[in-house]
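The letters A, B, C and D name the chains in turn, as written, and every chain counts its residues from 1.
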Amino acid sequence: MPIHEECGIFGIYDPQGNCARTVYYGLYALQHRGQESCGIAAINNRELSFHKDVGLVGEVFDPETLNRLNGTMAVGHVRYATTGGTQRENAQPLTLNYVKGTLAVAHNGNLVNTKQLRTTFEYRGAIFQTTTDSELIAYAIAQERLRCDSVEEAVCQAVKGLRGAYSLLVMSPQKLIAVRDPWGFRPLCMGRRGDAVIFASESCALNAVGAQFEREVEPGEIVVVEGGTVTSIRENCESATSHMCIFEYIYFARPDSVICGQSVHEARRRAGRLLAKAYPVEADVVIGVPDSGLDAAMGYAEEAGIPYGIGLIKNRYIGRTFITPGQQSREQAVRIKLGPLKSCVDGKRVIMIDDSIVRGTTSRQIVSLLREAGACEVHMRSSAPPFIAPCFFGTDIPDKENLIACRYSVEEIRELIGADSLGFLSLEDLHKIAPDATCGFCDGCFTGRYPISV
Amino acid sequence: MPIHEECGIFGIYDPQGNCARTVYYGLYALQHRGQESCGIAAINNRELSFHKDVGLVGEVFDPETLNRLNGTMAVGHVRYATTGGTQRENAQPLTLNYVKGTLAVAHNGNLVNTKQLRTTFEYRGAIFQTTTDSELIAYAIAQERLRCDSVEEAVCQAVKGLRGAYSLLVMSPQKLIAVRDPWGFRPLCMGRRGDAVIFASESCALNAVGAQFEREVEPGEIVVVEGGTVTSIRENCESATSHMCIFEYIYFARPDSVICGQSVHEARRRAGRLLAKAYPVEADVVIGVPDSGLDAAMGYAEEAGIPYGIGLIKNRYIGRTFITPGQQSREQAVRIKLGPLKSCVDGKRVIMIDDSIVRGTTSRQIVSLLREAGACEVHMRSSAPPFIAPCFFGTDIPDKENLIACRYSVEEIRELIGADSLGFLSLEDLHKIAPDATCGFCDGCFTGRYPISV
Amino acid sequence: MPIHEECGIFGIYDPQGNCARTVYYGLYALQHRGQESCGIAAINNRELSFHKDVGLVGEVFDPETLNRLNGTMAVGHVRYATTGGTQRENAQPLTLNYVKGTLAVAHNGNLVNTKQLRTTFEYRGAIFQTTTDSELIAYAIAQERLRCDSVEEAVCQAVKGLRGAYSLLVMSPQKLIAVRDPWGFRPLCMGRRGDAVIFASESCALNAVGAQFEREVEPGEIVVVEGGTVTSIRENCESATSHMCIFEYIYFARPDSVICGQSVHEARRRAGRLLAKAYPVEADVVIGVPDSGLDAAMGYAEEAGIPYGIGLIKNRYIGRTFITPGQQSREQAVRIKLGPLKSCVDGKRVIMIDDSIVRGTTSRQIVSLLREAGACEVHMRSSAPPFIAPCFFGTDIPDKENLIACRYSVEEIRELIGADSLGFLSLEDLHKIAPDATCGFCDGCFTGRYPISV
Amino acid sequence: MPIHEECGIFGIYDPQGNCARTVYYGLYALQHRGQESCGIAAINNRELSFHKDVGLVGEVFDPETLNRLNGTMAVGHVRYATTGGTQRENAQPLTLNYVKGTLAVAHNGNLVNTKQLRTTFEYRGAIFQTTTDSELIAYAIAQERLRCDSVEEAVCQAVKGLRGAYSLLVMSPQKLIAVRDPWGFRPLCMGRRGDAVIFASESCALNAVGAQFEREVEPGEIVVVEGGTVTSIRENCESATSHMCIFEYIYFARPDSVICGQSVHEARRRAGRLLAKAYPVEADVVIGVPDSGLDAAMGYAEEAGIPYGIGLIKNRYIGRTFITPGQQSREQAVRIKLGPLKSCVDGKRVIMIDDSIVRGTTSRQIVSLLREAGACEVHMRSSAPPFIAPCFFGTDIPDKENLIACRYSVEEIRELIGADSLGFLSLEDLHKIAPDATCGFCDGCFTGRYPISV
């Protein structure tokens, strides 16, 4: 509930066509990564067409539009806008014409040298019509293309100038190119379905379209699909050191995704287990805040030998158009979003697990809700450590003054949210949650230490 | 997933006003009972205003409309249309003028003597502009009102002619009247919030608006709220015999609702326990089909001593506007709706619990999905008995030829869906799932025996 | 600009089908009679389907909807709502079920015994879901149908109880019935196109669909079309005395319509001629306020021997969604709606003709606009007499306190609007404008004398 | 009816604010110049905001949006898209960031060296997100700005590279800049309202907002408004030779506009007079095809001494959403758009004037409509010469194979459209229609000779 990431991307080459429709289903599976705008660009007989707008995938696309976009290659994007109003202009994929024809660019992540890049291009006469990194990346590619013999070479040269997080799909009339930054901040995997080659932010989207997971795109790697042939450019891999955003495991990703070899569900469950070891307490039931606290709650229950229970029911219909109760009754909003299951918590000592605590407001309301429903004790556990620093790589973490952990000690937070006890996953334990992962991690939002100087 | 009920209703008298807004939040909590149309009617200074349309609560109402509807009484309705196209005309509450002024009528249930009632009224010159039972009920009230001294007396006389299921809210310029049929087919409860009196189809809606549950409206009872005074007409209660739809516990109601004293969540969990006793099998994990199979799966796991697991992740964004894959790839739809959690089922013997089996198609696809994800055995359990008969009281059960249990034996069904074993909750066990319930049950869809001859 | 009428109706029987589409084009031709809501009901193989909503014909209907409505009979309606907000419920045709099946009713006009009829029906137990006369008429038909052998006989008996204006189309599964009140307040004509029989409020709609005008439906007449056979019931014609709304000629109707034998354009032109004779003045140019003042201006110019000119250009894009300038600049609104043609009026003595003067506000602004554009004199002529009384038969005339002619003398009005001279068509001349008309007239809004006691 | 131009522009500096609202009304007055998309960009405290979309001004803007855009400078645009589908991306004003901050660009016209410019920029690494000339112009300005000391100087240098038609508004955070190409192809005038300075494509938009016409922006001139000070850069005026599109007078502009000193209405009237002299014929009435043929018809009637009449009534409700009759009945479309006034033409010899003949289809249908309505002779006159060549400067003239005058002689055309006689305005007379104009003309579409080699 508290933290938003900026994007999900999905791309496909399929000689059998119908690619926009496959992207549509892929984006449905990635909708949790961004709900403010979305878009699909497709190539049919080397011609680019596209559609994008503000709204959910199900709102932006209708059958007629999908049919119009048909083609043998397509890329799609779901977006969460972190700054300013929701601008339709910023919906992606970015589509453009440049010296060699058309390009579509879909980007997940956040660059840290945006300002410098922008200035550089502006001093060459560039104009910017959006505030997205995609437009910067497109300029970089377009300018390198003047010197390079192929679009993939231009991409390879262009990304050398980018610092920060970028999982990228670039589509030219004949090629589909997937790129991941050398730090590997954001996930990007590759799959197959018959002759089709597919890229997706998370493996759950491969499953959704009936594709087989093949492998991760590696940090720094550039994968080029052309007419069914897949080649890899690894020139930028040399300097690569893997720093996957560890919050992907805790909150962003769907539990049925596997990222860098690690099941997201299992990572969360393990976080629960580690919490149980670190902060044991006598209790009658362990419950999770749906949806992202459920897996950790199961892990905690297993480790602690305390029954797992369903203590909170989430209203599935709260969306963009929900009219929040006014100032005086803001406390009421959580009641509409979460219904306490009295028979589960009444008269019980309850351990309640949430994925993280940002401002503390929601946690306080949930604790209060559970007490109202009869819980005699409420012990809160957070499967993330306290947030103490901003993220520069695509996660929308509030200012320090809004981060409760920047202003209060754990004991003070416990008192503020009204819990009987409170425990955060430790940094040490954090690095144990994903033992199957074949990557290193970025934990900057919990430590203030980043893989790139910012 | 498979079966739809027709309606949810919510009404409030609150001297502090803002009633339409409270109904709005109440309907959000009842949205699972009907997603095709909704509406709110409000009384402000004895003046009726209303708004209703096709769509979800969040789509039909905007802040401006809600503000316009403000008042000290309001009733709302969410509807699932069982027959024909989704007609805007059939959206409720029905609002009307009659001999004594205005009325608003919101109905949950289904009458069985519709045709006879319609004919009777038509032979008195009536015209019908909708195909709803609400319009019939309104005529009955309007005609009785000619002979009766008050609207509540007219309601009391009118409902004597109705046979079937009706949980009803009737609102006149000064009174809010709640009615339940003498068979008590559909739930209707009453709560308080300060001076406000509230009626709702389910108690979860009381929680959502911060109200305290007070009691059920009893079968045959008529509760009249006028200026804060609550009175009860029990004239029709004498003949009452309680036959609550037992499928409310298994599927319709939200797990955090308590119906007739019985927690819905606990009833489902108990169903799981009973399944475990009746159909034990050696296995490694018990999973539920989200959302309505999860509680039973927990119960099964507890009883069987087999670990409970999360084996399927539900896509939360599939809604009315989802474009289903075409004929050739309909099998694919389930992939987009449900993602298998490989780490949970891979190499495991899996017990999979769903709330019921209607056509068998979805079950077959889920079994296949789990096998693909590595499950070496899939044992399916249904927390409802086989459907063998229609419902005449407001549940949209397919024709017999579409009910798999009408055409095949359990063993044949098992084979059709591809499970290693299959067990349905027995009728005997069905009646054990709600021991706390203070009511009797209708199990007509599982037995073909109904409380009323139809 | 100032006065609105409530409705236009169009109906067709065509054995070749495609009737909804023909009605669609017919309604386009009648859109000037009502812009707030519209609807079409069609019969296909005895099955009724319909679509109606708030908005213009072009907004409410799309190709898909039109195709769905296809059939061999159809009726349509455009509506201007005179009272209260624009209620979607009041959109017509009214469609209903009654003792003998389905009916669709489309009504143009206004009844004067509404209250009495409503009470009568309410005391028989009726409920009213709209505030339209159509619903009353439907009840009357439904109740008579119980005693009558056919729907047309029921219509014949039902309308005997109606007092006021009604041009009516009633459609049963097999019959299309056109009715006009015995006073003949509102127009209704009949045409043919091959085997098709068509009814329309105005003959311009017959032209629009390529049909030949056949004749007026006579006051009191009921025309029944069944399977291509046209019969006439003239039982109510005996008492009929024709009182066509004379304002139809002056303002409502389209100039290319012929009503009761009289060309609307010619009637307006004649009004201009009569004004020229009654109020001669030396001037350089005669201009009309577009669109309804243009014809009279031509007539004035011809009679006076003064050049006709185009002095004001109307903005064709001002519609429902136009955001009017705020309080302080309301005067500005007329500038956006009407652009003065400087070369036509600069330095000229201008005679400006409008169809009528209601509040005087617009006239004042137009006079001021013309002076700004250089007119040295502005002489205003109104092709209607002063409004001094309400209309009870379907024209939306403001309250007496808002009628400038109820509060001020002609000389005072002249001063208020800032004209150099002012002349209204006299009542005597009013009755000379339609010499070809085969009907009598109602001039109640100009005299306070009505054909029916009200 | 037949020919479309691409754009209208409107800009204002007003220290009193509310500029977006003024632009809104200005665009309403220019809506006839483009109906497919529109937009407004505003500067408030040096901050740029904007809104643009596909649709009419009244559809795209609501009060909330207008209020949000408020500011002390604003520019707006209405667009007719000549090629491809209606792309939202191409809606204007174009808004962008470049080396010196923000710019908004609104363009009316068409460049002829687009391809060369595009290639030049692409070879410097430019990317293009639209297919508009505005984006090219923006690049040109952005690149010149690197070398120039001010935005106006950059504009001055940038437009030196442009060949073709451009009436341009450029808005920086502090300056509003109006530009006209040295050939003066498209109109652009300047007005005042108190302290406000206003630019508009046509003077009718100045009238609409209560402003006084001041003067034309001259061919090649750049007018700079900064904080109320107006300065003029005339560096590009030297080479200027005025070639105003003469079809502006005949068809595009609103009759109440004055362009380069010449009233549009008077120009059309004069065209009618010249036609009367060139092609006299005995007849009973002269009618115009509304709206653009009416003025010429009045002129013809005056010159010929034959009565002017209203012979065709235009349906005012046909818009974007009109569903055209299918293939078999396309002939019917004209009936819905135009209603013949029988009393005007029946038994008469009719002279019918239209602004031009493009494909001939519509003319043929109108002639047929008039004959059906009883006209015994129909003599057609076109107030434009025959179209024989494309326009490269912003008018959407069909390919030669679709221009009837490219394939047939006048006599053949007469026969094809079924008229008794036919006359086109001669080229010689064409140049006489605007004697008050202070400019020269481009008549390329009638001669194939253009002011710029193309």
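In this section, contacts are C-beta pairs under 8 Å (C-beta built on N, C-alpha and C of every residue); 3 or more make two chains touch, one makes a residue touch a chain.
These are the chains along with the protein names UniProt gives them: A, B, C, D = Amidophosphoribosyltransferase.
This is a predicted model, so every value here is computed, not measured.
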- Those chains that touch subunit D and also touch subunit C are none
- Note on the structure: dist(centroid_CA(subunit B), centroid_CA(subunit D)) in Å evaluates to 60
- Query: Cα centroid separation between subunit B and subunit C, in whole Å?
  - Reply: 48
- subunit A touches at least 2 other chains through residues none
- Message: Quick check of your reading of the touch definition: is the inter-chain graph here a line, ring, star, complete or other?
- Response: ring
- Flag every residue of subunit D that touches subunit C in the complex, lowest number first. 21, 24-25, 28-29, 31-32, 56-59, 61-63, 66, 204, 207-210, 254-256, 258, 263, 265-266, 291, 294-295, 298, 302, 307-310, 312-313, 315-323, 325, 332, 335-336, 339-344
- Message: Please output the residues of subunit A touching subunit D within their complex, sorted ascending.
- Response: 94-99, 103, 119, 121-129, 135, 138-139, 142-143, 145-146
